[in-house]
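Below are the structure tokens for one structure; questions will follow.
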Amino acid sequence: MSDATQTFQNLAPSAGAKFRQRTLPILIFAACLAAIPMVGPSRTFYTIAHQMGINIVFALSYNMILGKGGLLSFGHAVYFGFGGYVAMHAMNWIEDGSGLWAGFPVFFLPLVGFAGGALAGAIIGWPSCRKAGTTFAMISLGVAELVFAAAFMFDSFFGGEQGISGDRMNGVELFGLSMGPISEVYWFIAFWTVVGLVGMWAFTRTPLGKLSEATRDNAQRVQFIGYNPQRVRYLVFIFAGGFAGLAGGMAAVNYEIFTPDAMSLVPSGFVLIMAYVGGITYFVGPIFGAILLTYMQSMLSDFTEAWLLYLGVLFIAIVMFAPRGIAGIVFGIWDGLRGSNPGQYIAGLLMKLAGILLMLIGLIVLVEVSVRWSNGYGEVYEPFGMHLGHQNVLSWLIIVVTAVAGVALTRYASKDKEAA
Amino acid sequence: DTIKMAFIDPLSGPFGPSGEAAYTSFQLAAEHINANGGVNGDMIEVTGYDNKVNPKESLVQLQKAIDDGARYILQGNGSSVAAALIEAVNKHNARNPGEEILFFNYAAVTPAFTNELCSFWHFRFDAHADMKMAGITDWIAERDDIKSVYLIGQDYVFGQAVAAAAESQLAEKRPDIEIVGNELHPLGKVKDFTPYIQKIISSGADAVITGNWGADMQLLMKAAAESGSDVPYLTFYGGSKGAVSSLGEAGIGLLYQVSEVTTNLEASDEQYALIEEYKERFPDYDYYYHRAWNAMDMFVAAAEAAGSADPIPVAKALEGLTIEHAYGSATMRAEDHQIQQPLYISVVSDDVKYGVDNIDLGWKLVDAGTISMESAEQPTTCEMERPE
Amino acid sequence: MTTPALSLDKLNKSFGPAKIINDVSLDIAPGERHAIIGPNGAGKSTLFNLISGLYTPTSGTVSLHGQDISDMPPHEINKLGLSRSFQVSNIFTNMTVRENVRCGVLHSMGQGYAWWRNIGSNKAVQQKTWEVLEHCSLADKANVPAALLPYADQRALEIAITIAGGADVILLDEPTAGMSHSETARAVDLIRRASEGKTLVIVEHDMGVIFDLADRISVLVYGEIIATDKPEGIRGNAAVREAYLGDEALPEEVTA
Amino acid sequence: METIVFGLLNGVSYGLLLFMLSSGLTLIFSMMGVLNFAHASFYMLGAYFAFTITGSTSFWIALFIAPVLVGLVGALVERYGLRKVHANGHVAELLFTFGLAYLIEEVVKIVYGKTAVDYRVPDLLNFAAFEIYGATFPAYRIFVIFIAIAMLVGLWFLLKRTRAGLIIQAALTHPHMVGHLGHNVPFIFMTVFGIGCALAGLAGLMAGNIFVTDPAMAVQMGPIVFVVVVVGGIGSLEGAFLASLLIGLLQNFAVGINASFAEIFAFTGLSPTSEVGDITISSLAPVLPFLLLVLMLIFRPQGLMGEQEL
Amino acid sequence: MTQAMLQVKDLHAYYGKSHVLRGVDMEIMPGEVIALLGRNGVGRSTTAKAIMGEVTPRGEVLFKGEPIAGLESHKIARMGLGYVPESRDIFPSMTVRQNLVLGVKDMRNPGKYSIDEMLDMFPNLRARADNPAGVLSGGEKQMLTMCRTLMGDPELIIIDEPTEGLAPKIVQQIGDMIAEIAKTGVAILLVEQKLSIALRIAHRVYVMGHGEIVYSGTPAEFAERDDVRAEWLEV
């Protein structure tokens, strides 16, 4: 038996591997976060970074139920919203200094958000987690609309159109942070992003986390190893709600306002897209998705009005051609590079990339020319000093040639790969 | 350098046209100012930020605007947004001394903003709801044939303020009038007002008072036309895009509006030229937001008086400033930063110089429809904190 | 007389008008290896579904060690010590083999729905997982994702998950379906070892397996048990031969 | 009394519009198992196409061309998009249509602008059909009712009476078998998707001028369509019809009722908390369909007339 | 030498990872009735499905010399292959007549049988022509599926377990019917478990075991081979 004992330990990854694969990435991530303020970033940078932090936690929490739990929800923003609202109210209680709240630091409001989100998850999850699959998806849609519409009726909690706002510069100061200027809020966001990330990562390593994956893969079988899949789903759902609420609490402190729109289908759809584009089969996928999409949302929207169109194209392309998302692509490339024939792999990859790039150029020119044409303000798309109006033959030439060449090249590259 | 102004308002969705109409007005005003040499030699740049009439989104856009270097915020579409902006601007200015920003509110008319919620950083360039409602109720007070009134409005601060003002002012001026309906509907979500119109018809009301604007105004009129309703509509924003054309001929003599000007008031040729230039540039819209010119002109006057385009000196110079504009004079009351100016009640008519919505109907001043600056003035409870 | 490990009493199951299981009564003693055979669509899998709680009987009772379990949900029944496998492999395809088995082990190790502790930190769980893997000759494939296993190994994993929880009554539904000869032999060996000292109920079409393993055999035809006997008895039972082989035209050759 | 009559009239005409919109989705969902999230986007396309065609020709030409165009777009989407995703399961399909909804909305914004277009009721039908309790009922709405009923009959006939309908119905439960009989199931699916989209397009054409033709119309209608289909029962045309009427009536009656919870509670002798009491029945109107959806899914997942669960 | 109607060469098929067909070879000549025997689960139905394109085949399948492996099923059907699956798959809510209508591939160019002729041939069905097919008895359903397939004018029909779950008398009837159809020149691949009927009507038998053909011969030859039966068919 002693023999077996030795071997079974070898089955699990070694302590070194564990450190390399699990602890190290998180340490690096945290170190990056800590290093950022040293380079003296701009206001804009902070604004986006905060949004990213919030979205990372939100998207990860969504993936607890979609990726790890196999439940497609169209209403995850409800829990984000509940968490945010509860935190918002708590912020106001802190300001009023009423009772216990007088001594509660604003810094810890995300915990209140967690409680709010988890509570909402516990209430709403009770009826909805009895089902899975499409039924669950439809219930989540119905609940989302229901809560959103009801939010305009209960003004004392949701604040109607105007929402609830507050002031984060109250209560006990922690770590010498007044929480006023944006650069101080940064530490708050960074801290809770890491907490959320570590918390959700740890969750995947617990029995419940594993059971959640088992229930996703095969709910029927879970019954026959002694677990009630409904209960597994329910518990996971509460946690996902809690972490969404945590993100909501972060948002409450960051924006100091919550409106019912935070619970509408739009943010619910956005978090779905973030998680899916990032890659729902990987823990880190949603992080990629959150970073990319937040960036697109805030920066791309400055460059082009049609950024949502690009987002739609990106999403559909991912659904059709890369269902494992960005993370899948990244890890796929990584594997390819370490595969048997990296040289050939790189060649194929470059060819594909070139093809995609060409298609992208065609698409961008098409969209940008059209946008300006449709706006009718007589503006003209002028990349790299070119003058691409809608009456310019060159514009249409670029569009057609690049698109055709791109498609052809990509096809050729994939054929090549298959043959190999 | 350039003076950056951020226009934070809806540029898409059901209230997009309201935002666009104002955005184009501010841009044209800025162009003219720049063409005349700018402000102390500096050029003005007005950039649009779409907020979808959502307060939270507005704060995101505000942040962006500040990051982009804007020191002046222009907003008007929606008091819910304005409330959030006032608060955010107050906080920003408290937390970032030296980087102050000013908020020029050109249309969000909830009275509280220049009363209990007043702020040094906020200036309002439109008459607030109590002022406008006073105009309407004075007019009703004279009309003995109106015995019952139906109130319909949007369910948010502004709509609530309108309803409250109507109730209290009518109770005072015409206690005999019965309020047969007081309905608030969701903001920008109703697509078919037919059931509401039918409720109005069955209530037998003699007049309807509404503060609706944007699509909510237009669709209300569309449903009224379809249901053949013939009650008069006393509105703040009958001038919203599409409202007049939705009613068509049926609107003549029925659709009223109280506003700071209409294009059919007497004016100089210069002003007529401006109206025509606007129409030429933006054929989808009509010259409606005269207050955009007022706001910009007052800004220029203040900045020139202060000799600086920095927010604090400009704000101080704005207090008590009076300008002459195309239709008379306007004064920024120092106490509460509420503009004071005459108001006009007009009604849809086919006998006008300028039609709206690209049809021949337009707004014509009603008899005794001019409300002087003095009678439009309302007291304020504002206690303002001013920086050193 | 000892209480039977598993006892069916006048069990009936209908889907709408279709009566699939018809008055089935059967006692299986502790430690017995019992086989159920019968033509396609006879109701064998349905019977398993009734016993394991996936379906509730239309009438009649199922008892486990004398306790009525007819109306219990599957996970409750599982907790009482009954475990089953499936005719079509029913494993957690996106997990590794080790994780699959570990999921099967968790409950019996008192891990419950715990979310506050690391799954890897419990030595007993790891130990038990390892034992089961070893037992089912899957240890060398422990870190392979289950979906990538060869078919025969998936079937072995199916059995591994079934026995991992340490149940003392085990139901196997066609464990060797789709396996080649040599794979079947390996599977039989595994089943024999895994059911040591336990009660086993097995459904199989492969008669070699049945006669090799079973202490007793029941023949189910159109929802009714037409015979229950020792293997030799079944082999010689004409009714069974007819029902199962459908060889009624060649009676004289059957005796050969 | 007036409330009841008005509620009935408006409820029925709104309900029938909903039916037009959801019948296409019912068709697609029941045949292909695809919960088409972009369905309302095709409805929007119908309205915009109708607007364009009406502008250059007339409403009556648009009436025929716009739905066909939308149907073609739908068929292309099926052929070059959905079919590829099909192998990855229903969730992938659903996500595909979800992304498609985004895409269509953005394209519409680029082509037609971000605000509403002025798509009007044709002059020929722009008159009052009759007057009742001082309010008139527009002729166009009668036209809508008429078209919706024609559509119900037509669809029913198509599904139950023709060989093509037989094939479609058979492919619904036994796609493989239908293939073995020599019928081209993928082509059928493409056609069905096209027809479903065309129906949505027709609904858009009819409704775009009653309501508003703007880029938000899809998002606004989308969820309600799901409510109809799910409440009606998967794959049941009759169910969808019933559910549409039910929701139409429910919403319109609710708007007409002034009572608040406080009054209702007072009537039953209970005392509500102030905020719940302030809620009026009419303000509940937007919530009701979703309440119905959630309750239905929890207590009767197969819907009103459906046979199987979602 | 006449061209074979159907040739199957080294056919493999998988369900996910499980290798169900491991190189099946067989050949069917025009007008021939072939019985495919074997124990439960050896892969007979899978063979039929792989030929018909319901399961992805690997290997070669030639129909009248033309490769059909991997084609979509409707194309295979249109080339002249009929298939009666194990699950029968009648359309239960449609009438018998409607079921038959669906068997016709092209309405403008119907096959040699009209619906009336079909119903004349099977008086049982005529009596129920306008009833929903769902109410038919098991035997009648089996007849209906075969008639439906005949409506499409196939040159080869693959019939999977036509007698499963049927009473002996009906089994007899179905057997006669198949023999009847064969006489019209249609080749038949009969997947059967019941030796009696298989041996009565087949011209040749194939025996399958573990995804391969393990024996082939005429019924008379097969009758001599107790060893094959013992190893591959019996308990």
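Every chain is named by a letter (A, B, C, D and E) in the order it is written, and numbering of its residues begins at 1.
In this text, a residue touches a chain if its C-beta (ideal position, glycine included) is under 8 Å from a C-beta of that chain, and two chains touch if they have at least 3 such contacts.
Predicted model only: the values in this text are computed from it and were never measured.
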Any chain in contact with subunit A as well as subunit E: C, D
Common contacts of subunit C and subunit E? none
Looking at A-C and A-B, which one has the bigger number of contacting C-beta pairs? A-C
Which chain has its C-alpha centre farthest away from the C-alpha centre of subunit A? E
Interchain centroid distance [CA atoms averaged], subunit B/subunit D, Å: 37
Rounded to the nearest whole Å, what is the centre-to-centre distance of subunit A and subunit D, using the mean of the C-alpha atoms as each centre? 31
Approximately how many whole Å separate the CA-defined centres of subunit B and subunit C? 77
Using CA atom averages as chain centres, what separation in Å is found between subunit B and subunit E? 79
Do you know which subunit E residues sit against two or more other chains? none
What positions in subunit D touch 2 or more of the other chains? 283, 286
Counting only residues that touch at least 2 other chains, which ones in subunit A make the list? 152
Each pair of chains that touches, named by its two labels: A-B, A-C, A-D, B-D, C-E, D-E
For subunit A, which residues are in contact with subunit B within the complex? 42-44, 47, 152, 160-163, 165, 167, 169, 180-181, 255-259, 261-262, 298
Subunit A-touching residues of subunit B, taken from the complex the two chains share: 54-57, 59-60, 63-64, 66-68, 78-80, 83-84, 87-88, 91, 94-96, 155-157, 186-187
So, in the complex, the side of subunit A touching subunit D is made of residues 72, 127-128, 130-131, 133-135, 137-139, 141-143, 145-146, 149-150, 152-156, 265-266, 269, 272-273, 276, 306, 308-309, 311-313, 315-316, 319-320, 323, 367, 370-371, 374-375
Which residues of subunit C touch subunit A in the complex? 52-54, 73-75, 78-79, 83-84, 86, 90-95, 98-99, 102-104, 106-108, 111-120, 126-127, 129-131, 133-134, 139, 142-143, 161-162, 164-165
Okay, in this complex, where on subunit C does subunit E touch? 40-41, 147-151, 154, 174, 177-178, 180-181, 205-207, 235, 241, 244-250, 253, 256
